[in-house]
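Per-chain numbering from 1; labels A, B and C assigned in written order.
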Amino acid sequence: MTSSNAVISRASARKLVVATVAGAVLLALSTLFAPDRVWANLLVGSYYLITLGLGGVLFIALTNVCGGGWQAAFRRVPEAMTGVLPVAGVILLATLAMRLGEYGWHHHGEGDVGTFWFKELWLDPKFLAVRAVAYVLLWIAFARALVGRSHRQDTLPPTSNARIHAGMSSVFLAVFAITISLAGADWIMALEPMWFSTMWGVYQFSGLIQATLAVMIVACVLLRRQGALEGVFTDEHLHDLGKLLLGFSCFWMYIWFSQYMLIWYANLPEETSYFISRTHTAWAPVVVGSIVLNWIVPFFVLLPRPCKRSESIMLKVAAVVLVGRWVDLSVMVFPPVVGDLPVFGIPELASIVSMSGLFGLLFAQTFSSAAPVPRNEPFLEESLHYHA
Amino acid sequence: MSNRLLLATFEHEDDLLAATTAVRKKGLHIVDAFTPYAVHGLDRAMGLRQSRLTWVCFICGITGALGMLWFEHWTASVSWPIDVGGKPWNSLPSDVPVAFEAAVLLGGFGSVFALFGVSRLYPGKRAHVIRPRITDDQFVLVIGETDAAFEVSVIERLLRDYNAVETEEQIDEGGRIR
Amino acid sequence: MSEQTSPLRPPLVTGDKTLGDVTRDITAPMAGKPTGLWWAAFAISSTALLIGVAAVWYQIATGIGTWGLNRTVGWGFDITNFVFWVGIGHAGTLISAVLFLFRQKWRTAVNRSAEAMTLFAVMCAGLFPLIHMGRPWLCYWMMPYPNTRGSLWVNFKSPLLWDVFAISTYLLISAVFWYVGLIPDLATIRDRSEPGWKRRISAILSLGWDGSARTWHRYETVYLLLAGLATPLVFSVHTIVSMDFATAVIPGWHTTIFPPYFVAGAIFSGLAMVLTLMLIARKVMHLEDYVTPKHIERMSQLMLSMGCIVGLAYGTEFFMAAYSGNPYEQFVFKNRAFGPLSWAYWTMVSCNVLIPQLLWFKKVRTTLPLVFVIAILVNVGMWFERFVIIVTSLHRDFLPSSWAHYIPTSIEIATLIGSFGLFFTCFLLFCRVAPAIAIAEVKGAAHLPRRGGATAVSEEQAA
């Protein structure tokens, strides 16, 4: 990391380190009085981080496959997001390891497992652990391959290797679709081992992409203010990211509503358990809050065109969506782990501060490791001069 | 009111765009342009402001959604409440799909009819085709007289620089060209 | 102010065309006499349509007891065909609206015919529930209007009523979208044709369009709005269709992934139908320079990705059935794969998931006859998907004593043939009376190079 490339000053880097360490220490101390909450926070936080890293890879792969040119100018931002993958992966795996024994399915009693043979097999702690390691390694491998190619292109003559990117990107998309569905089921859905929903994987994807876009908006705007993307990240890019955030906020709502409505309508006891512990307990206002933050606010604010082109409004909406993502994940994880009463206090705050600091540090470090604007990029001119 | 107009014909969109930008920079009044297709960036070059039709669509859509939600509530829990499958009379989740369709229907039709209204498009209207090839492969820029700056020969020379294939002076009677 | 386009992008229109050439090439098939090939196709499809008309006449006169349905299998061919045709319609909206929002310029080659296809497919789809009512002349009872039955309102809690609203909204908005897109092209036809009925009709329908930039500016806004509305609409329509099944408690029907899974499946089948039609139309109507192999490749890639999503949904259903531990769920999926209708299931899996994997290879995507075959197989596979979902879930449910089999009667098959007849007859007529490619949109998207000695003037020079 050379100082000329660094996007944050030494002082702010030190602040981020302090925040990360202080949060982590506070979280560790909280295990003394609330071990369940600490574990739930670790799961929410590390899953949040790893899905942001994964979202970065997803955005790169999607735009590669679609032959997108508009994002070329700020491509280094999603690439830098992938920098959190290894660290987030380690935290996530450590978190899972802490409670692997009591994770998921227990078949109490001896004898015939009957129709539950598959659950018995699938939620076996060893198998669960092996799978978790496999998903994380696969994601890191693809992230490295795709980002590495992009970095290497900086030094190569501007030939068309866009096609090679597209090939590997489409393979990643296939792998992503399968692994995110399974990972979401393994790590979160299995917290309530008797409950199941085929929509779960899509639901995980919808939240992931929404938060990824919000982080990209925040990062791009801040980097433009800081200077690294000045004159590179245009209002047109902001506008398009705003449209995508609007669209995927609606998509999240669509998926959320479809899952809720079908379970509400059919009213089968094995399915309603999930919503009874969330909409018929003190969690209900939090569920409503997640809908307000993830859909109502972005939808109504981002509809008018001037809002999508305003830096300050976009920053605020993206921040709301990021808070919404945290609330959404908490609603998934906390009820089965912590209980029917929503809680917010020192462990939650410590985890949020620590994870945000960690993300900032890793992002800044990865972003500084390459030129802020891709060189020899065949789509760069197109990206700098287009109208949304 | 009669106005002097200058019609300049072009054969490529880039010429039209560059000429429009230049004419506007000179402070001349651009009455309109006529093109066979939506030329990207022409609205900016002409300085047209953002259309307010989006608001028509938004208001129609919201009206559709809220109106239908109210209607569903009224029929199912006020006018004739019937127990269906043990669901509460007023069940919001099952009211959403139809309310959504009503929003789309009203929003779509509202904005299309608003377009027809403000652009004065209606069946049986006689089209005033300014040049026969305007719906095929030619572009026409119409510059209007506002003050003494409207010096035809000077503007013509300017337009020739942008490959105008033909320029013609016209008197607009009765404001056929808005 | 013109935009930059990377030199890596292939041209949208090949063959070194001018704007005038575009107009002439696209309107040419409408001006001349129909070819022998057109007449042959028209004869076949209108015969199929006549068979359908006869079958519908007979079953309405006699009653729907003429179908092979029984007490256990209450939905069979009718709803399969309904879902199939609604699905076919979805690609039109996808291509015209979703790809428009994503600035995929290659869509201009196919969007007009895809939109027309949507209209005709939704018309075909609407037929089946209408006939299934038994007394279709009372179909207006589905609308909530004040009536003398005490003002008995329709049941807004029923997904079948949601369907009524979804399908009719979809038909209306698609028609408006299609017509709004046609207006500038109708003006082009008006100014190109000799005085006579053709000119008079196009003059009326083009609403006095004069190509004014101010109108274009508003028009573009409305087009964008319609695209923005049509995108969630297309999602909602097949979502609601899926809820016809998913709100029930029948294993194999009730599963939460149905909404996005049905939407993906619908787009998948629609793309296959667009490919089928466009591969024929580009040859028959000599539009090879507008619907280029590049366009076909793009659509093949889209079809492949949709096929993979559908495959993922199949996998998810099986996985969750096993994971759930619910014996009824598990039985339904075992029965699908190995029961008496397993042949239908494996037809579906091979046509929808396995065979489209060939499209990963560029060589396959650029071999047009192969793409054509794959597209047809996908159509077959998607029809079977609906058949499998509907019939296998019903024919063996909770109570083994009421298990039954379902065999379609000749009347049902004739009705299906008739719906294909209606679809193709409408499409062939459309190719004759309206430009099959959106003229104004192709011109706008292609950015054709200038011709002759004129040189470009840069903006700097102007300033």
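Here is the rule we use: contacts are C-beta pairs under 8 Å (C-beta built on N, C-alpha and C of every residue); 3 or more make two chains touch, one makes a residue touch a chain.
Only a predicted model underlies this, so the values are computations on that prediction, with no experimental measurement involved.
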| item | value |
| --- | --- |
| Centroid comparison with subunit A (C-alpha atoms), farthest chain | B |
| Chain at the geometric heart of the assembly (C-alpha centres) | C |
| B-C against A-B, pair bridged by the larger set of C-beta contacts | B-C |
| Mean-CA-position distance for subunit C and subunit A (Å) | 34 |
| Chain centre separation (subunit B, subunit C; CA means) in Å | 29 |
| Cα-centroid distance, subunit A relative to subunit B, in whole angstrom | 41 |
| Residues within subunit A bordering two or more other chains | 261, 265, 387 |
| Contacts with two or more other chains, residues of subunit B listed in rising order | 40-41, 44, 54, 94 |
| Two or more partner chains touched - positions in subunit C | 3, 232, 239, 243 |
| Parts of subunit B lying in touch with subunit C, wherever the complex brings them together | 11-15, 17-18, 21-22, 25, 32-46, 48, 51, 53-54, 57, 61, 71-72, 75-76, 79-80, 82, 84-85, 87, 91, 94-95, 97-98, 100-102, 104-105, 107-109, 111-112, 114-116, 118-130, 132-137, 161-163, 178 |
| Touching residues (chain side subunit A, partner subunit B) in the complex | 257, 260-261, 264-265, 267, 303-305, 387 |
| Of subunit C, residues touching subunit B in the complex | 1-3, 18-20, 23, 144, 150-159, 161-162, 165-166, 169, 172-173, 176-177, 180, 183-184, 187-188, 190-192, 203-222, 225-226, 229-230, 232-233, 236, 239-240, 243, 439-441, 443-444, 447, 450-451, 454-459, 461-463 |
| Parts of subunit A lying in touch with subunit C, wherever the complex brings them together | 65-67, 69-70, 114-116, 118-119, 122, 160, 162, 170, 173-174, 177-178, 181, 185, 194, 196-202, 243, 247, 250, 254-255, 258-259, 261-263, 265-266, 268, 270, 378-379, 381-382, 384-387 |
| Subunit A contact footprint on subunit B (complex, rising order) | 40-41, 44, 50, 54, 58, 86, 93-94, 96 |
